[in-house]
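Please go over the structures that come below.
You will see two complexes here that share subunit A, one where it goes with subunit B and one where it goes with subunit C.
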Partner chain A sequence: MSKPKVAIFDFACCEGCQLQIVNMEEELLDLLTVIDPVQWREGMSDQSDEYDIAIIEGSITREEDEEPLKLIRQRAKILIALGACATIGGINKLKDAFDLDDVKKTVYGEAAGMPHLATAPVKAVHEVVKVDYDVHGCPIDGKEFSYILRCLLAGRKPAIPRYPVCVECKLRENACCYEFGKLCLGPIIRAGCGALCPSNGFHCFGCRGYVEDPNVNAAKEVMEQYGKTVEDLREKMQLFGTRQEFTL
Partner chain B sequence: MSRTIDINVHHVTRVEGHGNIVVRAKDGKILKNEWQVPEAPRFFEAMVRGKSYEDIQTIVSRICGICSVTHSLAAIKAIEDAMGIEVSEQTDKLRILAHYGEQIESHSLHVGYLVAPDLLGQKSVVPLASSHPDVVKAVIAVHRLGNTMMEKLSGRKTHPVRLVPGGFAKLPSADDLLDLRGMLEKAIPPAQAVAATVAGLLDKIPDFDRDTEYIALVKPPTYPFYHGQIGSTDTDELVPVQEFERVINEYMTPQSTAKWTRWHRDAYAVGALARFNLNADHLLPLAVETAKQFGLKKGCCNPYWNSIAQIVEIVQVIERSIQLIDERLKAGIEPERAEVTPRAGTGTGCVEAPRGILFHKYSFDETGHCTGANISIPTNQNHGNIQKDFESLVPSILDREQDDIRLLMEMLVRAYDPCISCSTHYLDVEFV
Partner chain C sequence: MIAKLVSQTDLDAWVDALIGEQTVYGPKAKGDRFSFDRLNASKDLRLDYDVSILPPKKYFHPQQETLMTFNKKGEFESVIERDPFVLFGVHPYDFVAIAQLDKLFEMDYPDAHYLARREAATVVVSDVQKASAEVFAGAAGFATVEHRKGYDLLITRLDDGSYVVDPRSPKGEKLMTGLKKAPDVDADGFRAREAVWARNREQLQKHKLKMKPDEIPGLLAANRDHPVWEEKAALCYSCGSCNLVCPTCYCFNVEDELNWDMETGRRTRTWDGCMLTHFATVAGDHNFRPKRAARYRHRYFRKGQYVHDMIGELSCVGCGRCITACTANIANPAEIFNRLLEEK
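Moving on to the complex of A and B:
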């Protein structure tokens, strides 16, 4: 079997998820024995438009970026959304909480009206084209990326957790953030990160997106138990949760 | 004989973010010679408004995946400046270690994965894995060291979680520091091997000089990345970081719509070569030796040599990190919690990103919610200088083959290690 051709593309993002692929170091060299990278602007000068798998990093923030993405979708047999900007719109969607003209004026002042500064409400990749696989997180975890890619090459469906971060946090025997008076989105956010942030003394801010069918009542109970309000929770949900399908 | 040159590099490869090179010349006359940036703007300065001081570093870290520790630290320093918070020496030194980790990671990525292919005549690092396996292994060893430092000190390799206003959400253990010390010692030979390899390829680095103003943090008798005042090779004046707006002087040019920066001249450069040109007297012994190996001296005005200065800095921060860890191990890790009482105010944070000096400024209301932000990114500060380099370089190489001209221009852009995703302020010149 010939090696599948893989192309990586980046739209509006920090490129930190591509960096996690580079950070796989020797494992990436191993991966390169079973796949054939044909286009990766950040890493190589060769470019080919023939590929089997397209990996998309970043959000779509301008209308002019939708056509290239649709073209990539047409060319690729499989399309993977890489990281929170691609899977849920990520931090970019914070912009959408403001009036877009005001956003442009705030950053660019008098030049805000220039045509190339046009900006549209942010779209995750699935809001423009069909996505076959999501690699969640901000940034992604290189191990999870590798797992999903290996499943794909082996023709298996990757198993991504459908339970909240709290489950993994409890397994790691962390003291609950709420015990220290800190708000945490663990009860409603998709696990799979190994509760990395709470394990490092920080709260979960929701980069993997909401778990399917979040247990809202349980989250509200937690708020009550610790003397917090749903409003407090909503403020924390802005970071990666602005303009998502699910809201409290 | 009529000769037309038409270079149109739509998205330079092996750089972070999207940039274009456009050159048009006919019969020896240059009609167009431009460095353009069509990156989609992301509007961070607008997005942080209304957000709590507790969330700012988490948001702005996402400006750049390659310098996320740097952005977090610049924001945290600005918040602490605004709220009058003094951190402990332990916090200060441990942050510097995390920041050194990022310099090592970013520099080794740039030199090893993005620039080395040019020097070895390849189009990516992939073929180097089989043609030069020892070099690639040495680069990986150094790159991994940088990542591990950030992981142990800030919680992960990219987008730190432990760095918060007032201190650390979780402190590293003495064992973590001891492990890092071992890794640092072990990384010296591979770092020197990378240096030796590149020193053997100096003839592949273009010979091009343009007298340039360099700007970086200065704090004698140290080689600073995290503390200091703003210094320039054009003046002895040192400017407090709170006054950075009178250094960057953002302005519009008649030839393009880009906001550029200037201080004493039309443009200035920031980055490893700027830091070296201002602070080389304060390098540690192994870094001095590495600079000598290349013949790199203060006053170097060859922008392609920024990559060489980065190699010297890798050695410098490894050496300095070992000293810092020894100091911390001797003092012992003291348990402490990051405590902040929010108050209204405006503050500035300045640190050296791997690719140059970075400024963050925020205002907060009495509840600690952000009311305004101004962020000035090193790559923005370099864009004008890249253009000035183009204007000096292209006439001198116009008689060469078009592919050669293109490669030299691409290599020049790459040498600045641009991080275009960061450039929240850059206004595009023209789409091609």
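Moving on to the complex of A and C:
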């Protein structure tokens, strides 16, 4: 079997997820035995229009970026969304919580009217084209990326957690943030990160997106039990959860 | 060998000697909570712990483990761990849970992975010194284990600060070799231990059960359609926390993972939980328990009736961990069982 050609493209993002692939170091040589990278800005100079697998990093923040993404989709047999910006819109969607003209003026000042700065409401990749696989997280976890890639090369469906972060937090035997009166998004956010943030003294920020049936109706009563309000919860959800649509 | 009366100093010296000889796990401080972990020195052993975040069953049924390695030709090799270890300081209710898992993992298709670890372990039970905030093991009938078998040593701290160390099996006797010089426990010592047990049966009841534990299966069977299931489940996050901290939950999920050579791989199993949305999702993505209330009810039936039918006792041991772990505060088994009784 010839190795599938893989191209990595970046849209609006910090390119930190691509960097996580570069950071895979000890696994990189293994990776290259099964795939043939043809475009990967952080890893090589070559470019190509021929590929089997397209990996998309970043979200779509200008209308003019939709066409290239659609073209990539046409050319690729398999399309993977890489990282929170691509899977859920990520922190880019924070912009959508404000008036777009205000945002433009605040960021670009007098140049706000320039055509190439025509920023639009943010779209995750699946809001523009069909996505075959999601690699969640901000940033992604190299081990999970490698697992997903091996699954799809073997023709198997990767098992991406559909349960909340609480599961992995319990498996790591952390005391719960809520026991200390600290708000955490763990109960409504998809696991897969190994409860990285709660295991290191933070709360869950929600970078992997909501579980498919977050119990929104419970929020008010549960928050009240901890002397908090739904507004307190919303504030925590804003960073990654603004105008987020459910993903796979 | 008969039971020995051991001072704190001699107990520490004995534990340090054990740690020098073999792998010893015991309760240690984790922030202001407690967790079972590998002991490096007796000073880390906190027999005064109230409750550990996860139950010590994790040493027999780990959070995640490799079951086997395989290749694409269909050849495989089971991974069975048989390294001996000492599990020190298990509370009585957690031992009851382990004894229940022993039966369940032995039943039908004996689980080689669990049973090998269990066989390799020396289990030291320690009577509770400090009741946790939510414990109700006394109400469930699992505050003490003096009449039970299956563990190797029983340690009880008396009110004068000395310890009764009581061998309960040949393995336990062997572990006590280092305590030969300690005096035998006399009648006063045994009476003092009885007093600790009597107090624990009374004090490990932060929640009361208004019925006898054996009445619970019938109570549940008569209340499948009770409004409490919908009412409580309305607040359930389906996060599985109540399952994952439970000493008697033993469900797991199995996954295969291929290595980079695309020829070899390993099969793992990881703890699962029946409160999770997709616990009952099967091939074709069909979920036969998609409703929160159905999942919520299932957990109580599991603890109070289904497992009871298999092994003859309540499979909620009253450790209270689920009550602490539940963010929405809806997971208290004692509260639910009492409500079923009062509102039938």
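Assume the second predicted complex is superposed on the first by the 237 of 248 C-alpha atoms of A that agree within 3 Å, B and C clash if a C-alpha of one lies under 4 Å from a C-alpha of the other, contacts with A are read in each partner's own complex, and residues count from 1 in each chain.
Everything that follows uses one rule, which is that a contact is a pair of C-beta atoms (placed from the backbone, for glycine too) under 8 Å apart; a residue touches a chain by one contact, two chains touch by 3 or more.
For clarity, every value in this text was computed on a predicted model and none was experimentally measured.
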Joint occupancy of subunit A by subunit B and subunit C, clash or fit: fit
Touching partner for A:167 - first (subunit B), second (subunit C), both, neither: second
Touching partner for A:221 - first (subunit B), second (subunit C), both, neither: second
Contact breadth on subunit A, by residue count: subunit C or subunit B: B
Touched partner set for A:147, first subunit B, second subunit C, both or neither: second
Partner chain in contact with A:211 - subunit B first, subunit C second, else both or neither: second
Touched partner set for A:45, first subunit B, second subunit C, both or neither: first
Which superposed partner A:33 touches (first subunit B, second subunit C, both, neither): second
Vertex subunit A, arms to subunit B and subunit C (CA centres, degrees, nearest 10): 110
Touching partner for A:176 - first (subunit B), second (subunit C), both, neither: second
Lowest C-alpha to C-alpha distance for subunit C against subunit B (Å): 11
Residue numbers on subunit C that touch subunit A, as the complex places them: 30-33, 35, 53-54, 63-64, 234-241, 244-245, 255-260, 262, 270-271, 273, 276-278, 292, 324-325, 327-329
Residues of subunit A that touch subunit B when the two form their complex: 11-20, 22-23, 25-26, 29, 32, 37, 40-47, 61-62, 65, 90-92, 94-95, 97-98, 102-104, 106-108, 111, 114, 116-117, 119, 138-139, 196-197, 200-202, 205, 235-236, 238-239
Subunit B to subunit A touching residues, read off their complex: 11, 13-18, 38, 40-47, 49, 51-52, 55, 58-59, 62-66, 68, 109, 113-114, 117, 123-126, 129, 136, 140, 143-144, 147, 155-159, 161-162, 164, 168-170, 252, 257, 259, 421, 424-425, 427-428, 431
Subunit C partner contacts - residues on subunit A that touch it in the complex: 27, 30-31, 33-34, 146-147, 150-151, 153-154, 156, 159, 162-164, 166-167, 170-171, 173-176, 178-179, 186-188, 211-215, 217-218, 221-222, 225
